[in-house]
Every structure is written in C-alpha cells, then in structure tokens.
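So the structure is just underneath, and the comments pick up after that.
Residue numbering begins at 1 within each chain, and the chains themselves are lettered A, B, C and D in the order written.
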Amino acid sequence: MIRVGVLGAKGKVGRAICEAVEAAPDLELVAQVDAGDRIETFVDSRTEVVVDFTSPAVVMPNLEFLVANGIHAVVGTTGFDEERLATVRGWLQSKPEVGVLIAPNFAIGAVLSMRFAAQAARFFDSVEVIELHHPNKVDAPSGTAYRTAALIAEARAAAGRGPSPDATTDELDGARGADVDGVRVHSVRLAGLVAHQEVLLGTQGETLTIRHDSIDRNSFAPGVLLGVREIGARPGLTVGIDPLLDL
Amino acid sequence: MIRVGVLGAKGKVGRAICEAVEAAPDLELVAQVDAGDRIETFVDSRTEVVVDFTSPAVVMPNLEFLVANGIHAVVGTTGFDEERLATVRGWLQSKPEVGVLIAPNFAIGAVLSMRFAAQAARFFDSVEVIELHHPNKVDAPSGTAYRTAALIAEARAAAGRGPSPDATTDELDGARGADVDGVRVHSVRLAGLVAHQEVLLGTQGETLTIRHDSIDRNSFAPGVLLGVREIGARPGLTVGIDPLLDL
Amino acid sequence: MIRVGVLGAKGKVGRAICEAVEAAPDLELVAQVDAGDRIETFVDSRTEVVVDFTSPAVVMPNLEFLVANGIHAVVGTTGFDEERLATVRGWLQSKPEVGVLIAPNFAIGAVLSMRFAAQAARFFDSVEVIELHHPNKVDAPSGTAYRTAALIAEARAAAGRGPSPDATTDELDGARGADVDGVRVHSVRLAGLVAHQEVLLGTQGETLTIRHDSIDRNSFAPGVLLGVREIGARPGLTVGIDPLLDL
Amino acid sequence: MIRVGVLGAKGKVGRAICEAVEAAPDLELVAQVDAGDRIETFVDSRTEVVVDFTSPAVVMPNLEFLVANGIHAVVGTTGFDEERLATVRGWLQSKPEVGVLIAPNFAIGAVLSMRFAAQAARFFDSVEVIELHHPNKVDAPSGTAYRTAALIAEARAAAGRGPSPDATTDELDGARGADVDGVRVHSVRLAGLVAHQEVLLGTQGETLTIRHDSIDRNSFAPGVLLGVREIGARPGLTVGIDPLLDL
C-alpha cells in the first residue's frame, strides 16, 4: 500500500482524485489538505506521495516543502515554464532520492494518441488532424491538436518527408482547415460533444486512424494513479507522463 | 424480364453497367450501342429501357430518338441545365407514356445521406459537414458537400433554427472550416481515401452521425438498376433518384 | 408561452426537465408536483401541459386526472402495455380536445437513427448493427438494438430482400454476432462508453453508416420539449415521438 | 539507386510491385523473372534486392539461389513455418552479409495498428476488437484479428491485467462476440467493404480507437518498398516488417 496525500483536496479535481485513490486497492488515502490546512499534515501522516492539483499561485512553496521533506509529488497544476522547472530541479539536487512528476495532460489516451501519431507519421504520404469539441470552447484548434500537429511535423521532417499531397486549386476559404507546421487541422464545434481528436494517416490503398474520445473530466484519474504508483521509482524531475508509459 | 439497352456501352461506366445488367436476374441486356453504332438497334431489339452514360455533346439527339420511339431512358450523362430539361419535357408531351430519369448522382447511399441529413437538421442545435477525398481532387468542398450543406441550411431556416452555437474567439485561420450557407464544411484530402462524407448533428448529450463511404466507381450501379426497374412506372421527366426511393 | 407543469419534479429526471423548461424561452414552468403534493396544483396554476416521469404504480390515476381536467400530457413513465393504452384511449373519448403523448424513448437521435435505418435497409444488400455500451449493462443486445434490427428486418421483408450475403464457413463461436430476425447484432461493452449504436448498410462499392452517440442521461430533454410544444396540436393518444418528427 | 529485381513478375501482385518500383525515384527495376525464365538473370543484371511474391512450392530453391549469390531478398510468399525459417538461417550462416526479410503482412498500417494496440492495452480497463470485411470472406474472425487479440492478451497478462469488465448476464447467443484469449472479437461482413479493423480501448471517461482501413490490394506496396530500402542494412533473417519500423 502506497500512502497518498492530496493537495487541493476540496476542489472539484481534488475530490475526484481522493475518490480514485480510495477506490484503488493498492493505495491508501492518508491526508487531505486544502487552503487553510496545515501542510505539515503530510509529514505527520507519513505520506509517501502527494498529488497536487492546486493553482500556479500556491504550487511552488508547497512543492518546495514536499521535496525538502522527502515526499514524492505528482503535479497537475498548470503554469510550469522553463524557469519554474529549473527551480524544481535545483531543489531536487539536494534530495536526489525524491521524484517529482509534472504533467500538463494526465489523460493516458490523449498522450498515447499523440505518441502513436508521431510514430506513424513518417510511414504515410498524408496526414491530417480533426479535433471535435463542445461549442463553448473559445480556441480553435485545441492545444492538444496544436501539439499533435507539431509532433507529426517534426517526425515527418526528421524522416525527410515533404508535405502531404494536395491538388486543391479551387478552395472555398477555410475548407482545407488551418495549417499548423504544414499539417492541416480541422476544428469541429458541436453540441453533444466533449473533447475528441482523430489523426488520419493515409498511403496507397490504406489509412490508419487514431481516435481519442474524452467524455468526462475524470479522464485524468487513471493517469494520476499511474504517476502515484511509478514516481517512487523515478527520482528527479519527470515532465509529462510519456516516460512512465515505457513505450 | 425488362429488356435493357446501353448507350455508351464501350466506355468505362458503360461496361460496368452492362455487367450489372447481365448479373441481374430480372433484367436482360438486349442491345449495346456506342459511337459509330446504329441507334436504331434499340428499336430492332425491342429495348424497353436504355441507360445513357455518354457525353453532353451527343446526349440530346439520342434522347430525342428514344422518346420518339417510346423507349424509357435512365440518364447519367452530365450537363443538364434548366434549358435542356425543358426541351426534354417538350418531347415528352407528345409521348406521355414514356419515362425519362435524369440524375446527377446515382449513388443511393449519397442521396439517402443528404436526405437524412436534411430531415434531421431541424432537431439538432448543431450541424457540421466533413467530406474526405483522395488528394487529386481539385475542388474543396466537394459538390456533394455543397449540396448537403445547402439542403441542411434550407431545412434549418424553414424550422426557424438560427446558426449552430460557436463560442470561438481565437481561431487560427481556416480551423473552423468553410461557411456554406451558415453550415461549417471541412475538407480532408488524404492518400488512401476515395470519396467519403460525414454529417455530424448534435444536441444536449447526444449526437447523430450520417456517414457515406464510396470506395469504388461502380457505386452508381445499384442506383442505375433501381432506375431501370422503376422508370417504366413513372411516365414523364424525373430529376434525381430521390423520388424513386419512396421515402 | 406554454404553461408547463412537471409530475415527479423532485426525481433526477424530473429536476432535469424542470431545468430544461426554465431554460426554454417559449415555455414557462408554472407547477412542480411530487409524491405528497396536491395534483390539483396543475388546475390552480392553469397548467397547459404536464410532463410525467414517475412510476408505473402511480401514473394511471394522475393521467386520468389530467385528461379529465383538459390538461395535455407528455409521459415518459414506463410500463404502458396494450391494456393501459386502451384505458387512456377510453378516457380521451370524452375529452377529444386533449392530447396525450406516451413514449418509451425521447432521445431524438435514437428515434431518427432507427427510422433512417429502416428506410435505408431495402436499398442495401447487407446490413448489420453494432451497439456499444458501458460495461455495467446486463443485457446484450440492448433493447434499442433489438428494436432497430426488428424494424430493419421488417423493411427488408416488405421489399422482398433476402438475407445479407455471408460466405462464412469457418467461424469461431460468436464471431458473427447474434441473429435478431436475420440481422446480425454485435454488442461491445467498454469502460469509457455510455450508449452508442451504429447501423452499417452496404452495397457494391459503397456503405452508409448511421451512428447515434448518447453520452448524457439528459439526452431525453430535447425530445420532451418537442413533445410539450407539439402535443397541444395533436389531440388523442400519440405513442412514440416519431409522429411528431413529421418525417 | 538500388537495383531491384522481381520474382513472380507476371502475377497480379508482381506486376503491382514492378509498377511501384518503377515509380520510386530511388529504385531501379533491372530484372523481371517469372515461371520459365532464367533466375540467373538477377546475377547478370547485378540485382541488389529481389522481391519474391511467388508460391510455397517454388520459393525455397529461388531463395537458396539468391542467398548463395549475395542478393538480398524481400519475401511475401506464404508458407514459412519454423522449419523453413531454420533452413533459411542455415543458408545465411555462410553468407553473413546477405539480408532476407520474410513477412506475412506488408501493410504498414495493419502492422502499426497491431503494435499500437498491444502497447496501449495495458493502460486500459477494457479492450475489444471489431473486424469488418467483404461478405465473401470464409473465416471469422480474420487472421489479423486473431493475431491482434493474441498480442493484446499477451500484453495485458504481462502487465497483470485481468479480463475486461463485463456485467452481461442476459445475452442473446453470439451478441458479445468470440473470445480469443479473453479478448472479445466481433466480425462484420458487409457488401461494400474490403478489409478493416478497429481496436477499441477504454478506461474511465476516455476511449482510444485504432482503426485500419485497407481498400486496395496494393496496400502492400509501401511496405515492400520499405523492405527493399532497408534490407541491405540488415544482414541475416528478419521476420515481419516490425523491426524495420524502428518504433
């Protein structure tokens, strides 16, 4: 049994993580801390791994405390730029046995689909991305689609692949989507959807489609639990859950 | 057994139609005519229905001959504008028992999917169209996607439906597709594809997707045979195969 | 503004309907009744249409009261067999101006997809059904898949269509799915899904796919509101929302 | 320019490979051999790599000749059991610089989708396979679906994963598909399809779908060309194209 604590335990995400930890037979939820609570609780309860989904404003001192006290951390809080990552690496130098995982996306399916798309991209003549979201989303394409297209473009460039073939000469403005690093990206906004993405790859006579559907905000939970289980064996800073997937 | 003839019998499409007629147990292929052959062959062989997939340059005199001789016609040749249709109606006035079917698209699946999309459109908050084709296609969107979007827009207007909801404020140029009568249309061009279209309709908590895949130029054959079987019972001019579908 | 009341207003479904009515600009929520409340409230508040999602045990006297008082009803409560329907028809004879809608499924997308599948079935050589649900479902196939297959089988029989072609001679037990009236039905059970169904229709060179995805228990709301808006113009008993769709 | 020869050059597959080689800017087609032709042609023409799509009855002596003469081989001919593979390894011992690739499936998309499915399988609670083929196929499931399910089962077992959750208690015979090593496999047979497969993986709130569509018998060509380009740098026997994909 791994002894797990949660920071930001009363937030919507925090509550979902508490539930997921309690439901896992190999994990024990030993401490819940939110704004106003004493962070020392994690030490008192001999917490081994803390999950932190709080806010950019408070995450740094909390993380410093955890590292200083030899507690591993799994962090989903946003706002980690290069400067902040360097600061965390600095703290870890004096505590080389501690592991910290900081990830922008814990949805395993999303991470796998980006990875597979990038791996497959160099074998196909053509590749395009369709992302589909609920109509309240303000940005198009989605951040995930941008990253996916960038990874695909990078893989194709490394393999010496030119652009996807396209004979279009007569286009109604916008029909062929947006151009992200040479990869066409189409953004659908539809009532009844949540967050979905499809990467289409094609060559002579065959196509490969990698589709990810996320219909629930809890889709981060399996990725967080994977992090909790693995971080103890991965001292130092790990960015993104990809390395944990051992692909 | 219906006695069937084919005009343009040596062309690629014509040959496919001859094969389809020969394979049908209720149809008999009694005459094949191509450039240089005598059109009177259809009279000599007592042909009941002629299928015409020729060219705009030769279709009109052939059609006039067929009507004058009391032979029904199923026509896939392109180039029929209002003026040509009026001319055909004129010929049919003196031969009220003859049926002529002129259709721009014999793929039953394509026709049905347009029809269903238009029927469903008024019940959903959102609707978008994705069409996917081989990369040698020069126009985007496809003609079918234009027609589909126009039918959807018409149905929504008739039902007093406003535009699909869309909170996008931050768009990379082209991401949200082309605007056809207020309906967003996305055009994918990918090696390994032939001709495909997806209409996505969504409302609170549910979506309906109508997808048509055509992977073979022979996908017109079942629609042509339907026309051959039905046109004898439909005197006068019929435009498009929709009326034959009895929906 | 239509004056709407809700019976079973404190239940999960009832609360969702109250919210949907309040959010609709052309409807006014004027009365909410649950177990223990006076049903006369609907008369006092001059309610025009009552939505009833209660239980088979209490629905009949409530419905009798509504009809007797000239109030239209939209009923999603289950358990209506032929006998109960006959009883309701009897009440309506003395109140010919009242409309009652009783429907087993208010998800418009589900109803449309069954309808379209049945309409398309006679034009395709092959048809199969795949239904996909969360892994807690106890029955396979789903009730909707049974009904869909039955409607398809009926349409094919009426058109003189034989069984879908199938050359399988070497089958691992169960691979080809279940046989419902001669239509193959495949049931997928997968974590991360809710309720989904795909009807695949195919003929030479083309396929048509009609897919319905329901990811939210609120997907009945648009169908209920449609019923509320239409039932005033449809005196007598209407079973199922199909007639309201004017297809 | 790699100098390429083709064995079985007049067969349907052989002709398609000749065309693909001629269309590739970095490959030169220098020899075509079929039944009755002299195999020494490959030596005379200084062929570097020979592609062999012939028959189990003739492939072994041809392959022995090629290895003996220092010519690399890319072999799509079927019928290689462990005994035949051992024989080929024996020949290669005295010619350690020669590379031989023997692969049952050259469709890159099919190979990648099996690989990705196996990699992803251990991260998801549920996994099922749907394979869809033309109605003339005699076996169900397809060979590819069997292999895919077996790879998935192996990966799940290695990760200590139990069976996919399934609460079904009331099943119409066959609805839940066939059981291949504990993985459910569904086989659809539909006119208008060619060869398609979908692996569905699901966990809380998210699903990942890996779909492969093959609509053309030429979908082996890109994989064969990949083999031709890579085999020179891979002395010894390589079984399957997976190692060439460098994943």
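Everything below uses one rule, namely that a contact is a pair of C-beta atoms (placed from the backbone, for glycine too) under 8 Å apart; a residue touches a chain by one contact, two chains touch by 3 or more.
Bear in mind the structure is a predicted one, so any value in this text is a computation, not a measurement.
**Student:** I need the pair from B-C, C-D or A-B whose contacts repeat those of A-D. Over half of the residue-number contact pairs should coincide.
**Tutor:** Among B-C, C-D or A-B, the interface that shares over half of its contact pairs with A-D is B-C.
**Student:** Please identify which chain has its centre, taken as the mean of its CA atoms, farthest from the centre of chain D.
**Tutor:** The chain farthest from chain D, judged by C-alpha centres, is C.
**Student:** Taking the mean of the CA coordinates per chain, how far is chain C from chain D in Å?
**Tutor:** 46
**Student:** Whole-Å distance, chain B centre to chain D centre, using C-alpha means?
**Tutor:** Their C-alpha centroids are separated by 39 Å.
**Student:** Quick check: how many Å separate the C-alpha centres of chain B and chain C?
**Tutor:** 33
**Student:** Please list all residues of chain D that touch 2 or more other chains.
**Tutor:** Only 124, 192, 201, 203-207, 213, 215-216, 219 qualify.
**Student:** Give every residue of chain B touching chain D within the complex, in rising order.
**Tutor:** Those residues of chain B that touch chain D are 192, 194, 213, 215-216, 219.
**Student:** Report the residues of chain A in contact with chain B in the complex, numbered from low to high.
**Tutor:** Touching chain B from chain A are residues 124-128, 130, 132, 135-141, 164-180, 184-193, 200-207.
**Student:** Which positions of chain D touch chain A when the two form their complex?
**Tutor:** Interface residues on chain D, with respect to chain A: 107-110, 112-113, 116, 119-120, 123-124, 201, 203-219, 221-222, 226, 245, 247.
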